[in-house]
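Shared between the two complexes below is subunit A, which has subunit B as its partner in the first and subunit C in the second.
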Partner chain A sequence: MSQPEKNRRNDDAVLYIRGETWLHKSHPFNKLIYVLLTGVVAYLGPETMLLEGCCIALNFALAVQAGIFRAAWGLFWRTMLPLALFMTAIHGIFYPDNLTVLFSLFGQYYYLEGFVYAGNILLQLGALLTASALLVFLTNPADLISAMTQAGCPPSLAYLTGSPLQLLSVMRARIQTIQAAQRARGLESEGNLVVRFRALFPLVVPLVLGSLIEIEQRSIALEIRGFNSPGPKTSWRIIEDTARQRALRLLMLCVIFLLVILRIFS
Partner chain B sequence: MAQQNTVKFTFSTMTLALIAMAIVLNIAIGQLVALLKLPIFLDSIGTVLVGILAGPLAGGLTGLLTNLIWGMVSSPVAAAFSPVAMVIGIAAGLCAKYGLFKTWWLAVLSGVIITFFNAVVAVPIRLYMFGGITGSGADFMTAYMLALGKDLFGSVVVTVFTSNLLDKVVTALLAWAVVKGLPSRTLHRFSREKRVAT
Partner chain C sequence: MPALCLSHLTFSYPDAARPALADISFQVEKGEMIAVVGANRSGKSTLCYAIAGVVPHFYHGKFRGQVRIGEKTTSEYTVAQLARSVGLVLQIPGNQLSGVRSTVFEEVAFGLENMGVKREKIYERVMAVLELTGLESFSSRSPYHLSGGEQQRLALAAVLAISPDILALDEPTTFLDPDGTRQVYDILHQLRCQGKTIIVAEQRLEWIALYADRVIVLDSGRMVLQGSPAKVLTDPKLREAGLEWMPYTEAAVLGKKQGVWPEERELPVSFADAVDGFSAS
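Moving on, here comes the complex of A and B:
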């Protein structure tokens, strides 16, 4: 595989969508703290479904502004639909505090309390999910990692978060190679449960063993390139952080702090 | 222990490279198993391996980062369960510390212990954040327990424990098999290899 082709595939491995809007350009920490804020508002804030509904609407409005509405909507729909189906069915029927019968379908009673509970949880999750979508679709993981390093996190942490993203496509290719090799030796990886379970060891063990043996070479390669050198580490990427961004971040942190305090004392 | 108490990022380059590789293994094998349509996840085999080979702290870090990165590359829901993955790594590291990865039947016991710690952290997240339902096949178990008249907490506990027991035991067994299969030249480059050697 040629080098440029590899790079392109790495880009596909993350959810990030390139763009130039103000939301793309805002500091990664701001988006991270926004997710935290939404989570605190949804789970610890005042208990009204309206608030969470507003959060979801706001997040989608922001997604439209950033031009990622389709992606955000797709993620929302894919994650929330199975949850919603299971949640309303199971809690509608079995929620332990169910009292008021809402309707019956095929001889099965559905209750109001369960639906209210399910709706509440779904809205909370929806708010958090849409906020996370803003983070993952609008933040290049490399920027987030650089921002962490600039804020004083050890550079080794940057290695730990950055290198897996690049290794992932290599690993997927290796899995396919092992699968093909073991099939050529007569391994059945389709069939009933026992057959598929037995296929597990010959697929997983060579992959893991090979990867572990490779680690020695990787660590030597890293050390040769000054991975352990004690001097300051420099970065090619500089993440812009304006005074306004910092103020916004501080404001969000204050609101989070306030909501948590309010929750504790009420 | 003394070396571990100096904490935070004093990991050797070998350990750091191991953690990075283990994170990728977690994600890649998790996806492979989903492809084989097995009733297990196997997305913590790398975490358990790091716990065995490099200690609880490194294991916990592997788990935490795995789920955070997973959240970044495919589904943010995975990030919500990152504390669970962290505890798996810590538990595996502690099990190895007390010699519970020396034979295959001890590895099975480790799997059960990991399942227990897994449940302690996973139940509150599943219960308070997701209302007990995560939109997966395990929900049928929760529904069944609720139908039997159990309360939501009890149902979620039973679901988390049963749906993870097989997974964690198979994970521990595979990790044991891998460590046994490592050439000693590689094995002895890791910091805690003495705990697994019989």
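Moving on, here comes the complex of A and C:
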């Protein structure tokens, strides 16, 4: 991650990277619907790898414009590389429609059809992942929650949607603390896959138990601050929603609707 | 009418072998500061929960007796409804953050938003409590980037913003250094002077000796002692409840045996009392 990106993120304990670009200022619902649109295009749109590739390219172009390219790229390759290795190997060998042998390795044949199929799935996932990265890195969770509340969503739904984004980094910090504590007690967590796998259990158990206790405490904390109090709520944070933003949102929803209809009747 | 009245309060958590609170009765007048002390698992947290209505609305169990806040009985109102009358500050400040607000200002405003307070009033009230708790310079900082002591003050500010008449604090200084502890108690003292009623569960006896009007000692869910700090904190029964006398008190007891503490003088509960006593002998 570039230093400016890192600095902007370190200011807040969230995945959100602060900025002043038009993408940052876009209404959270627009970014949320854009993720939905990308998913619909990738999974329900014309089945061509070119379209999915274009979606990924567009998302990266938007990431460059918003100044979050390195963060988005880091998330992309870290997620996609293991998936790509796994899926191309599996489908290259076992895809039921495999016919055309591409090459053989250690006596095992790899087929073109399987690679194409895996490539298609990977591009679909990649498109959705990069669109989600735009949402997560460019949307302040507090904005998303406020926008939902202002739109009349039940507060509990808004909380459930936004709080994971806000609390992800808190969770990450806790994992690091547990890791450090376990290492201090002699647990090896660095090294080959077997060593890392063995270290997983002493890491996961305190993390899960600690999180359960925290959830209970946080529920009490929300209650005592009137989260479920009856009557209308107000919002300090006002999310601007211009006519242009609403028009863009409507346009995206229309495209989604059309693609779904086309898919049903094609 | 007392600000808070507990009558024969008994509560058992589900599947618990013994009640967490057993036949607790006491009254607190408006503007009084009560300290609740006791060893671990003596029922201090449950008592705070019961005052705020968390018991029995959040933690269900066997609940008998009554907790009255003014004219309201806690069992008849939800925790959210009671929040306007009773504020509860939990032991671990990090767990008390809403998890959905990105600045200290917004974190404090969260409760007011839930109560439907108008925007202009929100600003006034948030700024007032940030000033009171010494957090005004942190208003635009992330709540997750505060120290433990600052987070504890933030938790207090978040509750104070709602302006409840009664404050119940569950070991609010556990994670604080002496300076942070003094800051919290100074704030509580100011609040008491403004007429707020305060119930604080605490392990650090030296602070309650200085600030509390009355001390209640719990042992295994039962109230075993009640009275002024000078009386309760020098009572031999305190040790039976799993607590220790303060070093000043211990020193005076030894001093009495060696003839360097005046026979007729009460045992001290503060450093200043101890200095006075030893100087007078």
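Definition applied: the second predicted complex is superposed on the first by the 179 of 266 C-alpha atoms of A that agree within 3 Å, B and C clash if a C-alpha of one lies under 4 Å from a C-alpha of the other, contacts with A are read in each partner's own complex, and residues count from 1 in each chain.
Note that in this section a contact is a pair of C-beta atoms (placed from the backbone, for glycine too) under 8 Å apart; a residue touches a chain by one contact, two chains touch by 3 or more.
These figures come from a predicted structure and were not determined experimentally.
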Should A:S189 be classified as contacting the first partner (subunit B), the second (subunit C), both, or neither? first
For A:N140, decide between first (touching subunit B), second (touching subunit C), both and neither. second
Subunit B versus subunit C as contact partner of A:L167, first or second or both or neither: both
Is A:E223 touching the first partner subunit B, the second partner subunit C, both, or neither of them? both
Once the shared chain is lined up, is A:Q108 touching subunit B (first), subunit C (second), both, or neither of them? neither
Using the superposition described at the top, determine whether subunit B or subunit C touches more residues of subunit A. B
Tell me the contact category for A:K233 with respect to subunit B and subunit C: first, second, both or neither. second
Partner chain(s) touched by A:Y159 [first = subunit B, second = subunit C, both, neither]: both
Quick check for you: in the superposed arrangement, does A:T242 touch first (subunit B), second (subunit C), both or neither? neither
By the touch definition at the top of the document, which applies to A:A118: first (subunit B), second (subunit C), both, or neither? first
Touching subunit B and also subunit C: which subunit A residues? 13-14, 141, 159, 163, 167, 214, 218-219, 222-223, 227-228
The subunit A residues in contact with subunit B across the complex are 13-15, 43, 75, 79, 82-83, 85-87, 89-91, 93-96, 117-118, 120-121, 124-125, 128-129, 132-133, 135-136, 141, 144, 154, 156-157, 159-161, 163-165, 167-168, 171-172, 175, 189, 193, 196-197, 199-201, 203-205, 207-209, 211-216, 218-219, 222-223, 227-228
Over in the complex, which subunit C residues touch subunit A? Could you list them? 49, 52, 54, 57-58, 78-81, 83-84, 87-88, 90, 92, 95-102, 105-106, 109-119, 122-123, 142, 144-145, 158-159, 162
Along subunit A, where are the residues that touch subunit C in the complex? 11-14, 16, 140-142, 145, 155, 158-159, 162-163, 166-167, 169-170, 214, 217-237
Quick one: which bits of subunit B touch subunit A in the complex? Just the residue numbers, please. 8-9, 11-14, 16-21, 23-25, 27-29, 31-33, 36-39, 42, 45-46, 49, 61, 65, 68-69, 71-77, 79-80, 128-136, 139, 142-143, 146-147, 151-152, 170, 174, 177-178, 181-183, 186, 189
